[in-house]
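Worksheet: the structure to be examined is printed underneath.
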């Protein structure tokens, strides 16, 4: 019983979004637009839940002196500094909050992102072994495309860049399309099960 | 005896990390320039199409990008503009993206100065116009109605090089430098498919695979994909130390390093398997 | 030769002349000024006004072109005449504008529109008048095809879910990644190491995250049965709270509610790479024996999978993001490709209604396969025999959405 | 104090601390990781407040020109429900908010995936294969057969034996070629990120060291 109202809300909001897409007439246009904005507000408001959890986890670590607890103050201080500066100065450019974002948070993000350059190399070294014919295909097409990406490919044979273009235009497009169409069917079926309340384990399981 | 191939096969990945780092850092520090070689690829196709146009042809360059994709697209713009000027073609610049008009102006005016070309005689910047594909269709009937003036509000009738141009039929080639939508796809579908105007272009590496299909169906005469495409055009035009060519050097070295790793890994794997089989 | 300076000079001279004649001689008549001194200013032509299609009413779209001859005006004005007969100036637009949307019209009222050209602060030209009646539509005209196909496919899927519920025996093929779930959890138990579950970086509105939560419930039941710790770091607050519910439920169903530890399901940060840094830290310090990466992933996919690989964990990944699948294939032991992620809940639970839903999805794919094959045949033969080309054109229109 | 140089140093230090992870887990990485998690979490809280909650909620509820729009109490209430999880007694209320988030997301996702992932891709595959030369015809056939057999691979309710099995096999083969190509193609984009960071360290940060020494000496 405790699930009836949440399921009704799920059904109503799901149907409003669908009808809004097909019917430009009021009230669906207004309802749909409002609902999208409301959804954004609720999802953003929930961030306090995560923030509270983050602080809770790290204070608990310090209190119980759990493994690596000495680093927890770093997280807490980093978090509070950003919050206080943000509330005090706002998000305007060149003020302290924006300064710390531009000079610390953004470079850290870029650095983590750039780790991928190392990881694609180590993954390629390990995974691209011609151990069976499917792995061999994976390896060959990756290798050909890499050759086609840099001058050395054309140096070996001037048609190699064309092979890259063909691999990207034909098999790659075909593969991507098959994955996309299949996944879309998965999304449609899962969404339907959500909207009609057939799948409800995300609400805590019990029927 | 520890099997050397097993060892190589399970190489500590930190060795790979060091070599990747070096293959990027050394070319940057030494300003290394690796000669670019252009094979039989879409960038050469575009170059050759431009080369084969009769001198004095009217070519539209549509600057459909913004500063965020400049590293890939601005070198293309400069190389293409240089080539068109050197061949004596007339460039009609325009933009489907608001900020593209200014980026196009940079490329055209600086090269026009250094190559002794004249605005309104050899090139014009019509500026940005909203509407994307719909606007392109209208260019098919009348260009002058869409662009009563150029970007600096000089009337169409006052611009010598535009006299005699009525609609897209008077254009010999459209080159769209495109970072997304609206861009090349709009030009292919609206100008290429409807009015049979040859379409070429340049795009970011991310969107290139999607556009390669248009080459397969011959809806485009050529395409510059990402930094490599830009470097190719620089090489073909003869800019030996161009921005894109320099940017390609660490890429080339690192790619070669990764490919060597793959080869070594496979050699080790097969030697290991052979020994395992012999035992 | 560059004629621009000459033109500017001419214009300056004309203005000066006009000013001098105004101050010096007798005030000239209007007709004299417009013919002798003021240039002919171009006005708008081919004006069209239509009710904005596919809207909730109240809008009219006006489009025009500019006359090619004549001096370019300084600006353009949009004039509307309502039922009262009074003219109102709706907007002044910069020269070069070729469209305007009137958003203040009333449904069912007839309005007339015209465009005037301003030159030096005066009206120097006007277009003809056109009229339109705004109205609201009940259906997006460009979305009818999509609606029809969606209704057909929804009915098929719901029908098969019903047949499943009625207890019809349904088959499901082997999915390697999911067959390995038991082994992975079992191995973690043997080694006395935790299981790490990463539900992607998107929020609860993402269907892949929802699918991931359903699988998490199954994995939680397994870890509860085997008695190995389960860690779930999340990148979204809502996902964290749902994961807590789902895992708790799994432990209750396994009869081990005492073993449930809320602290092991925690929030890190909404930041994509901040999350990746945090999870990497957890991986190298906790050294999980099994890692699940199921949900929506972007570039962080390989950062997580390679770090997991380096601590020797069995990794089962799954995502519907086409761009990230290659990296999972390269770095993980098992990868659920695209739709296989959505099939997981049916596979793991063998619940008849979920299996029915899978059968419905298969029928939907068959529908698309038929559409593609018929379309390609029609388009190919249509090249030589036009009637079939119209069939292909019809199919393309059907799947076109505007 | 030159804030620009301080900023470059801050950026360079955290960059180097994070890169130390490539060697192995160590106190420097632990420090940077904990800092990154904390600061970025703080950043997103502030971002949500200033870029969503204030403009999309508060200013709609209390428009700048005065007045009060009661309808905007509803999303505020739902957000409160979500936060109710922190209080065990009323934690159940969060299900109401969850219902709304999941419902809206399901409706929206279903349509966008159906439109751009299914219909648009099907549309792109309906074309004549008989254009261009032999190679073009062959390529077109590979594309169509690839899409169809790839879809057959995703059939779940049919055993992959016989004709279905052969087609599905062809499908997974083409998928593997596609994955390989996509992997090889992406390497360039990933390397350019590393090149970006190296350029920052070598060309923005390194030159500040002699400058600082010059100031100091």
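Lettered A, B, C and D in written order, each chain numbered from 1.
Please note the rule applied: a residue touches a chain if its C-beta (ideal position, glycine included) is under 8 Å from a C-beta of that chain, and two chains touch if they have at least 3 such contacts.
The structure displayed is predicted, hence computed values, not measured ones.
Enquirer: From the centre of subunit C, which chain's CA centre is farthest?
Expert: Max centre-to-centre separation from subunit C belongs to B.
Enquirer: Looking at B-D and A-B, which pair shares more C-beta contacts?
Expert: Higher contact count goes to A-B.
Enquirer: What whole-number Å value describes the gap between the mean CA coordinates of subunit A and subunit B?
Expert: Centre-to-centre distance between subunit A and subunit B: 30 Å.
Enquirer: Where the CA atoms of subunit C average out and where those of subunit D average out, how many Å apart are those spots?
Expert: So the centre of subunit C lies 14 Å away from the centre of subunit D.
Enquirer: How many angstrom lie between the CA centroids of subunit A and subunit D, rounded to a whole number?
Expert: Taking the mean C-alpha position of each chain, the two centres sit 4 Å apart.
Enquirer: I need the residues of subunit D touching at least two other chains; which ones are they?
Expert: Each of 18, 21-22, 30, 32-34, 36-41, 43-44, 82, 85, 98, 101-102, 104-106, 108-110, 113-114, 118, 122, 125, 127, 131, 139, 144, 147, 151, 154, 175-176, 179-180, 182-183, 185-188, 191, 194 in subunit D touches at least two other chains.
Enquirer: What are the residues of subunit C that contact at least two other chains?
Expert: 150, 203-205, 207, 210, 237-238, 241-242, 267-271, 273-274, 277, 285, 322, 325, 327, 329-330, 337-339, 343, 358, 361, 365, 368
Enquirer: Would you give the residues of subunit A that are in contact with at least 2 other chains, written as numbers and ranges?
Expert: Within subunit A, the residues that touch at least two other chains are 21, 39, 43, 46-51, 54, 68, 105, 108-109, 112-113, 115-118, 120, 122, 124, 126, 128, 138-139, 142-143, 146, 149, 164, 166, 168-170, 172-173, 175-176, 178-183, 185, 187-188, 190-192, 194, 202-204.
Enquirer: List the residues on subunit A that touch subunit B in their complex, please.
Expert: 117-118, 120-122, 124-126, 128-131, 139, 142-143, 146-155, 157-162, 164-166, 168-170, 172-173
Enquirer: Which residues, counting only subunit B, touch subunit A once they are in their complex?
Expert: Subunit B residues touching subunit A: 11, 13, 16-17, 20-21, 24, 34-42, 208-210, 212-213, 215-216, 228, 248, 251-252, 254-259, 261-262, 264-266, 269-270.
Enquirer: In their shared complex, at which residues does subunit C touch subunit A?
Expert: Its residues touching subunit A are 54-57, 136-140, 143, 147, 150, 153-154, 157-158, 161, 203-205, 207-208, 210-211, 213-214, 217, 234, 236-238, 240-242, 245-246, 248-250, 252-253, 263, 266-274, 276-277, 285, 299-300, 302-303, 305-306, 309, 320, 322, 325, 327, 329-331, 337-339, 341-343, 345, 353-354, 357-358, 360-361, 364-365, 368.
Enquirer: Under the stated contact criterion, what part of subunit B meets subunit D in this complex?
Expert: It comes out as residues 14, 17, 20-21, 24-25, 28-29, 205-206, 209, 216-218, 226-228, 247, 250-251, 254-255, 258.
Enquirer: Flag every residue of subunit B that touches subunit C in the complex, lowest number first.
Expert: Per the touch definition, subunit B meets subunit C at residues 13, 118-121, 127, 129-131, 135, 138, 142, 144-149, 153-158, 160.
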